[in-house]
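In the two assemblies presented below, chain A is common to both, partnered first by chain B and then by chain C.
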Partner chain A sequence: MAIFADTLDHYTMNNELTDNNIYGKVIFVILAILLNLATGTPIVPLIIFVICTVLILYVAKIPFTFYVAFMAIPLGFALLSGIFLAFLGTGPHIWDLGFFGIGLSQGGINQALLVFSRVLGGVSALGFLILTTPMNRIFAVFHDVHVPTVVTDLAILMYRYIFLFLDITATMYNSQKTRLGYHSYMNWMTCLASLASMVFIRTWEQGEISYKALASRGYNGRLNMLRDGDSIKDMSLKEWILIILFVILIVAAIIMLGDMNLFTVK
Partner chain B sequence: MAETILEIKDLHYNYPDGTQAIKGIDFKVEEGQMISILGPNGAGKSTFFLHFNGIIEPTSGEVIIEGKKLEYDKKSLLEARAKVGVVFQNPDDQLFAPTVFEDVAFGPMNMGLDEDEVKRRVEEALEVVGMSEYSHKAPHHLSGGQKKRVSIAGILSMKPKVMVLDEPTSGLDPNGASAIMQLLYDLNDDGMTIIVSTHDVDLVPMYSDNINVLRRGKILKQGTCREVFSDKEVVEQADLRLPWIGQLFEKFDDNDILTLSGGYPLTVGQAYTALKDKL
Partner chain C sequence: MHIMEGYLPPFWCAVWYVLAIIVVAYGVYQIKKITESNDEALPLLALSGAFIFILSSLKLPSVSGSCSHPCGNGLGTVLFGPAVTAVLATLALLFQALLLAHGGLTVMGANVFSMGIFGPFCGYLVWKALRSMNVSGSIAMFFTALVSDLLTYVMTSIELALAFPGANMLTTLAAFLSIFAVTQIPLAIAEGLLTSIIYDYIVKARPDILVKLNVIPEEEVGAN
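Coming up: the complex of A and B.
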């Protein structure tokens, strides 16, 4: 369907790393995030960010614009909190705002840089997993690590029906606009209200009928599924070696760089 | 004489608000038949179908599957649902899993089969409906016809004795609709008993010669295509019409241009055979 052509879901299923072993990706991402948190210098998260970005853009071949759009929102938040953090540091001020004794300190700027780069590294690592892996494989991992079935079952159903209701909502929205909906502020409010309530009713009805359809195929309270996942044993030697090399590189960087930051604070 | 595989005896069903949806239906299906149920919207077709595998419990009456009266406890229901597979009208109601493969595997997994057997069945079912190459796609990335095929595969993989399809051609383009009907016809040829509801009167005569007309919760008439369509009263009452080909010959007949014995031809094939000798 055309409306899903430029979505996250589309790219997860159509990139160069879609069929790679899910455990290779999960282990890599978990290690990257842990190392990202263990470091005291903003340089290590930046290295992680560069590695993940190269993987996303050049290995998985996710389009650049889509990646930028994906990263923009979390980084926007990180930038805002970074600015606040820079003003909250202790120690002598290097620039004063002029009231309430608020100002920039070296410690504050260091702290802000560290937090911002950690967000950068963490989001890009998580983004690597999210952008290159189809949801169903992630559900298979949930199952393998014994996440309670209720949680996985709900996630599976939600994942499927989000797209269904997205489609229904889009259709209803267009039909409202066809009949001159959303033309003034008050009209906009009533249209949105009726759209929301109609979609709610549709979800309710859909729930009833989906239950009947599932029951027709023997559902009795648990989604017995043959999961379309991989095994950790199927990871190739190459993947293990690359992950180990990555860990060695980052650990070495952590040890060598220590707490290195923009300002040296004693 | 073929074995009776599904029998409905004096079925009544009232909606919770008291409205009578099914008002006494007797219905019998023999192994290997391909039966069409024709009826206008709101005739109770979907409600009727959901009785076949115990999704709806009748107010009174009996459902007998392979000579065994259907009970409504968990175990018997599971058994019934493995024998009688229902394909829902809207494939979006039926498809729930993140990928085609997992969705088709759902039924056989619930039957408690081992994983290799399930995989074999899924591959086989997808092969039959021609969707093998889509097995790792998400349902929302498929077209309407493809979704229909996947939902049929989801039932096929359970290897039911009877397959019940609620309006299998609704919402499909003409080619897609014919392809689905041809698929059902082929499945029937291989021995599967099939019950189809539809109001596509042009398609029905091509594939099925056993028609039940359902109207307001009752079976109005049962018979072959010719018997049903030559009964003008029934056709009118059930908001049906003659197939276009039939209407053409009716007009010929009314104007005394051409009169054929034994009813009007209803399909292009029949019309061709009938006319070949006259021209």
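Coming up: the complex of A and C.
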């Protein structure tokens, strides 16, 4: 089905790492995110970014264009706020804007570089998990780490309903568009409001229907599902070794590089 | 717009996590109580969470020409109360992080605190106050959504200013406020208008839902 070929769900279900042990991926990503925060230098997050990008593009074989589109929005925001942070730094200015005493300082540029590279590293590490793992396997992890059942059930149902209602929303949106909706500002507002409220009412009716469907099958406030997730014990030795190597590499880099940055601030 | 993965230093990640977890745990406790006494509640709550997620994926036109999306937390807090909204917003943020890379895992605490707790709670106070003064539902809804949306971004600015104090924390706060909160004012007004029209539609089409959720008293339905 070609029209569904470029959705996120398609790639999470069909990449080279889909069937790998979920714990291997989760542990790797959590360690990467935490180490990414623990650094004082922009170089370590860049190393994490390179590792995750290689994993995503060459090991999981996610197409390059899809990965770029995925990263573009968070990075755009990161770039903007990085520029903003650069103007907020302390210390003597190296370039003055000329009003309100705003200017670029060495400390500010250092901080902006650090934050930007951290966002780069963090988003790519998160992206590795998002792009290679189907959501239902992440729910299995929720269950294993003893998140309250009611939260897991809520999350599973929510996930299902999100896709149901995205479909309904898209249909309604298209039919509004074909009837000259969204052409001026006030028109946009009324269209959007009727769309949102109709989706709410549809949601509610759907909820009543699904409650009846569940109740007629013996539902008593608890969803009993067969959960067959991976176990942490099934992780292969290779995966453990790779994760440990990764941690050693990053920790060594953190210790060796310290607070190294573009400018040395005394 | 949420704070992104990797943006906050570790110390502040932890602080916001602790604050958020306390409130969300209380919300989970509430949900547990509701679902135990009423087994109809869980599917409805899940649908409401999905609705908040979808609402935040719709494009809202801003007067300044740019586009943004509604927070949806004003409507949530009026319909389900602030504690339940905190849990639903947490799940919505989790899905935004895991499906769209919007927000992130280490900054979840900070995002939940601004979008799921602080904004909705203040909005709820506004709603209660206006309703007790016999202001009509749609006008009260307008202000509730406006306050929830705007204060979400005020809180985000405070979080960022605390994390990056710069030379003088107050000037930094002013700078962050001018970027996030002031640009958000037109969007907050737009969200207020939108939410109040949504509310009107629901009152017209299915007032029984609102009665069931204890949003409006039964007499008000008869009057329409």
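Keep in mind that, in the parts below, the second predicted complex is superposed on the first by the 243 of 266 C-alpha atoms of A that agree within 3 Å, B and C clash if a C-alpha of one lies under 4 Å from a C-alpha of the other, contacts with A are read in each partner's own complex, and residues count from 1 in each chain.
Just so it is clear, a residue touches a chain if its C-beta (ideal position, glycine included) is under 8 Å from a C-beta of that chain, and two chains touch if they have at least 3 such contacts.
Just so we're clear, the structure is a prediction, and the values are computed from it rather than from any experiment.
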Clash or fit: what happens to chain B and chain C when chain A is overlaid? fit
Considering only touches as defined above, state whether A:157 meets chain B (first), chain C (second), both or neither. both
Can A:220 be said to touch chain B (first), chain C (second), both, or neither? both
Per the contact definition in the header, classify A:197: touching chain B only (first), chain C only (second), both, or neither. second
Which partner, chain B or chain C, is in contact with more residues of chain A? C
Once the structures are superposed on A, label A:210 by its partner contacts, choosing first (chain B), second (chain C), both or neither. both
Angle at chain A, chain B to chain C, CA centres, as a multiple of 10°? 80
Applying the touch criterion given at the start, work out whether A:115 contacts chain B, chain C, both or neither, answering first, second, both or neither. second
Please work out whether A:136 is in contact with chain B alone, chain C alone, both, or neither, and reply first, second, both or neither. first
Report, in whole Å, the shortest distance between any C-alpha atom of chain B and any C-alpha atom of chain C after the two complexes are superposed. 10
Chain A residues where the chain B and chain C footprints coincide 135, 157, 159-161, 164, 206, 210, 214-215, 219-220, 223
Considering the complex alone, what residue numbers of chain A touch chain C? 8, 30, 33-34, 36-38, 45, 70-71, 73-74, 77-78, 81, 84-85, 88-90, 108, 111, 115, 118-123, 125-127, 129-130, 135, 138, 148, 150-151, 153-155, 157-162, 164-166, 169, 185, 188-190, 192-201, 203-204, 206-207, 210-211, 214-215, 219-221, 223
What does chain C use to touch chain A in their complex? 1, 4-7, 9-10, 13, 28, 31-32, 35-36, 39-51, 53-55, 57-61, 63, 70, 87, 91-92, 94-95, 97-99, 101-102, 104-106, 164, 166-167, 172, 175, 179, 190, 193-194, 197-202, 205-206, 209
Which residues, counting only chain B, touch chain A once they are in their complex? 50, 53, 55, 74, 78, 81-82, 85-86, 88, 92-99, 101-102, 105-107, 109-111, 115, 118-119, 122, 136-141, 143, 154-155, 158
In the complex of these two chains, what residues of chain A are touching chain B? 1, 4, 9-10, 13, 134-136, 139, 156-157, 159-161, 163-164, 167, 206, 209-210, 212-220, 223-228
